[in-house]
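The following pair of complexes shares a single chain, chain A, combined with chain B in the former and chain C in the latter.
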Partner chain A sequence: MTHAIAIRGLHYRAGRSFEIPNLDLSVPTGSIYGFLGPNGSGKTTTIRLVLGLLRPRAGDIRVLDRPMPHDAPRVLARVGYVPEQPHLDPTLTVREVLRFQGAFYPTWDHAWAEELLVAFDLDEHRLFGKLSKGQKGKVMMLLALAQRPDLLVLDEPTDGLDPVVRRDMLAALLDYVSEHGATVFISSHLVHELERMCDWIGVMDQGRLVTELPMERFKRGIKRLVVSGAPPIGDPTPFSVLSREPNGASSETWLVRGWEPEMQAFFETGGASLQRVIDLDLEEGFVELLRTFRTPRREEVR
Partner chain B sequence: MFRVILYAQWKWSRLVVTLGTIAAFILPILSVQGASPLPASPMRAGEILTMVQAWGVLYPVLAAALGLLVAIATWAPDHRGRHVHALSLPLPRWRYVLLRFGAGLVLLAAPALAVLAGAVFATRFAAIPSGLQGYPVALAIRFGVAVLVAYAVFFAVSAGTTRTAGVILAAIGGVVVVQVLAGLANIHLDVLTPLQGALLLWPGPLAIFTGRWMLIDV
Partner chain C sequence: MFDHIDPRSPTPLYAQIASRLRLAVSAGELRPGDALPSVRRLASQLRVNPATVVQAYRDLEAEGFLDMRQGTGTFVRDVPVGRRTSERVYQATLLVRQLIANASRLGVSLDELHSAILEEMGAKAS
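Showing the complex of A and B:
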């Protein structure tokens, strides 16, 4: 499998407060990779490192098979980037912003930019600084798409937008990806949005990658099990037990990862009884994953 | 690329450049206003020189102001966007800086040419007493170089972060404080004079701003 983004042993520190100690991350080529994490977890910093906007202290970053930040100009010519905050010149009109951006990208598609301008219902004569948040988001997405990129890096592109604008933007994005097979690396904390569109998921917290796997495996593998007559803690299990919480005297609720239906036999042979298997959606899985990721770290601190 | 950067920069600095260009055109004309071509108001050569010299103080002031304001306007959109857009563009950083610098220079060519036009106009229609000569081209070239120096200095300073600007200001403040403390303690230490000499006297980088700025001279 080739990777549009491959990060190995990345170390970055911003002052004393925040650190990415040792990050490995791989975004398969052609995938839509959802990059999940709470605020301040390091998503935006990682994205800026990927794009060469920040310099790492150590580690190796390759984007579209080229080293970053060394080959930044070549790589950035093939990357469409939608930042968390729209950083364009507020004194330019929408038309002028398009002209400005188009001058820098050899693959800029003027005809498609015009189509998107109409499709997004943008007033080309309005100043960028006077646009609403939703309109600015649309302009940013238009700019990223009209350069016909091989890789789209989207940093919370729909955060704070109304559902109609979100739907328009994501529809345009998915149209482009289905036609061109581009890779998408999208960060968000709108979990349900990622659940619908992503085929890979990476979860980041406190500067560390908690997990990285195909979306289906993530959703299928995390379950809440209600177990009676539970075996003692420490017994080997065919799945990962993230947490165990007692439900009164006789049963426990387990949060497990890597669950498969045939693993039910584990309980039967051990004299326990599996009463219920509860499916978790991505958001519940995400929250539980973070909760269990943080608990041992808190204990370590103590 | 250069055209779109030039246009974007024009939108940020058009007021400064327009007013600066008007001022640059009017200044040479005002400086010889007393040297009327009418025979009824002849002025002596000394009086003309005094007046031209008095007005001449304004050329370096105008050049420094233009350099400062256009340099600030040059980086303003990038500072507002915390440089994220500029850094995500697919070109080497040095090239982007050169494009920005070049666009500012093109805009500053307007006031430099306005000084030339105003100076040529003023010397053509003024009654210059014998023994004196007009130097419109030399004055315009000197003004252009002064604008370039001021722009380059302020461009470099404002290209940096707030921290860089703070370090520069702290260094200047530190020198002044040392001088004041030395004076209070009756210690014979003169830091400012050699520093001033190194900067303002030839071949110091700011020597262009000092001395007499004469449109008409002997």
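Showing the complex of A and C:
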């Protein structure tokens, strides 16, 4: 499998408070990779490292098979970036913004930029600074798409925007991906949106990548189990137990990872019984994963 | 047609899309020769990964429901009546299983469920 983004052994530190101690991350070429994590977990920092805007203290970052930040100019010509905060000159009109940005990219698609202007219902004569938040978001997405990139790096592109705007932006994004087969690396707090379109999921917390899996495996593997006559804590299990909580005297709720249906046999042979297997959606799985990652192992991780 | 696609369900999205199309073909909502939306259009309309749509279409092609013609599009095939009937029966079974599971979760007995079904069906028939 080739990777549009490959990070190996990355170490980054900003001041005393924030550190990414040792990050490995792989975004398969052609995937739509959802990058999840609470605020302050290191998502935006990782994105800036990927784009060569920050320098790591150690480790390798390869983007579209070239080393970053060393080959930044060649790489960035093929990367569309939507930052968390729009960074364009507010005194330019939408038309001027397009003309300015388009000049940087030999691959700029004039015809499609015009189509997107209409599809996004943007007024080319308005000043960028006078646009609503949603209109600004659409301009940013338009700019990233019209350069016809091989990789799109989107940092919370639709967070805080209304549902109609989000829908238009994501429809345009997926339209482009269908046609061009580009890779998408997208961070967002809108987990249900990611759940629809991503085929890979990476979860950051406290500067660490807690998990990185194909979406289906992530969702299939994380379950809540209701177990009665539970075996003692510490018995080896074929899956990993993230937490166990008693429900009254007779049963316990387990949160497990790496679950497969055949593992039911584990309970029967041990004299326990599995009463229910409860599916979690991406958001619940994500929240539970963070909760268990943080509480019991904090000392061990330090 | 895809109003009930639920990304939060543990059933993968490609399987949900395939299942919805299989039923549409079996129930006659889609007729032989009908063209399906392109992968690009459906992915962007549902805001799902294009690979998800491709996988649903491929699975249905392998089952003989669809015909993917390079360059021209994806079309509904003429599925034998028996196959369509068995697909509807299968869907009916799934619906009933779901109903029974919900009833037992809510503490409704099978007898109560059964008489409610008969009553509703009677009301519908008259």
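Here is the rule we use: the second predicted complex is superposed on the first by the 296 of 302 C-alpha atoms of A that agree within 3 Å, B and C clash if a C-alpha of one lies under 4 Å from a C-alpha of the other, contacts with A are read in each partner's own complex, and residues count from 1 in each chain.
In this section, a residue touches a chain if its C-beta (ideal position, glycine included) is under 8 Å from a C-beta of that chain, and two chains touch if they have at least 3 such contacts.
Fair warning: this is a prediction, and the values are worked out from it, not measured in the lab.
Once the two complexes are laid over each other on the shared chain, residue contacts for A:Ala113 go to neither chain B nor chain C. Of the two partner chains, neither chain B nor chain C is touched by A:Leu64. Look at A:Glu216: by the touch rule set out above, it reaches chain C but stays clear of chain B.
Looking at the shared chain after the overlay, A:Leu282 reaches chain C, while chain B stays out of its contact range. Of the two partner chains placed by superposition, only chain B is touched by A:Leu51; chain C is not.
In the overlay built on the shared chain, the residue A:Arg167 is in contact with chain C alone; chain B does not reach it.
When the two structures are aligned on the shared chain, A:Glu195 is found in touch with chain C, with no touch to chain B. In the superposed model, A:Val227 lies in contact with neither chain B nor chain C. On chain A, the patch touched by chain B and the patch touched by chain C do not overlap at any residue.
The part of chain C that touches chain A in the complex is made up of residues 7-10, 12-13, 39-40, 43-52. On the chain B side of its complex with chain A, the touching residues are 1, 3-5, 7-8, 11-12, 77, 80-82, 84-85, 87-92. On chain A, the positions that touch chain C within their shared complex are 30, 32, 167, 170-172, 174-175, 177-179, 192-193, 195-199, 216, 219-220, 279, 281-283. In the complex of the two chains, the chain A residues touching chain B come out as 51-53, 72-77, 81, 83, 85, 87-92, 96, 99-100, 103-105.
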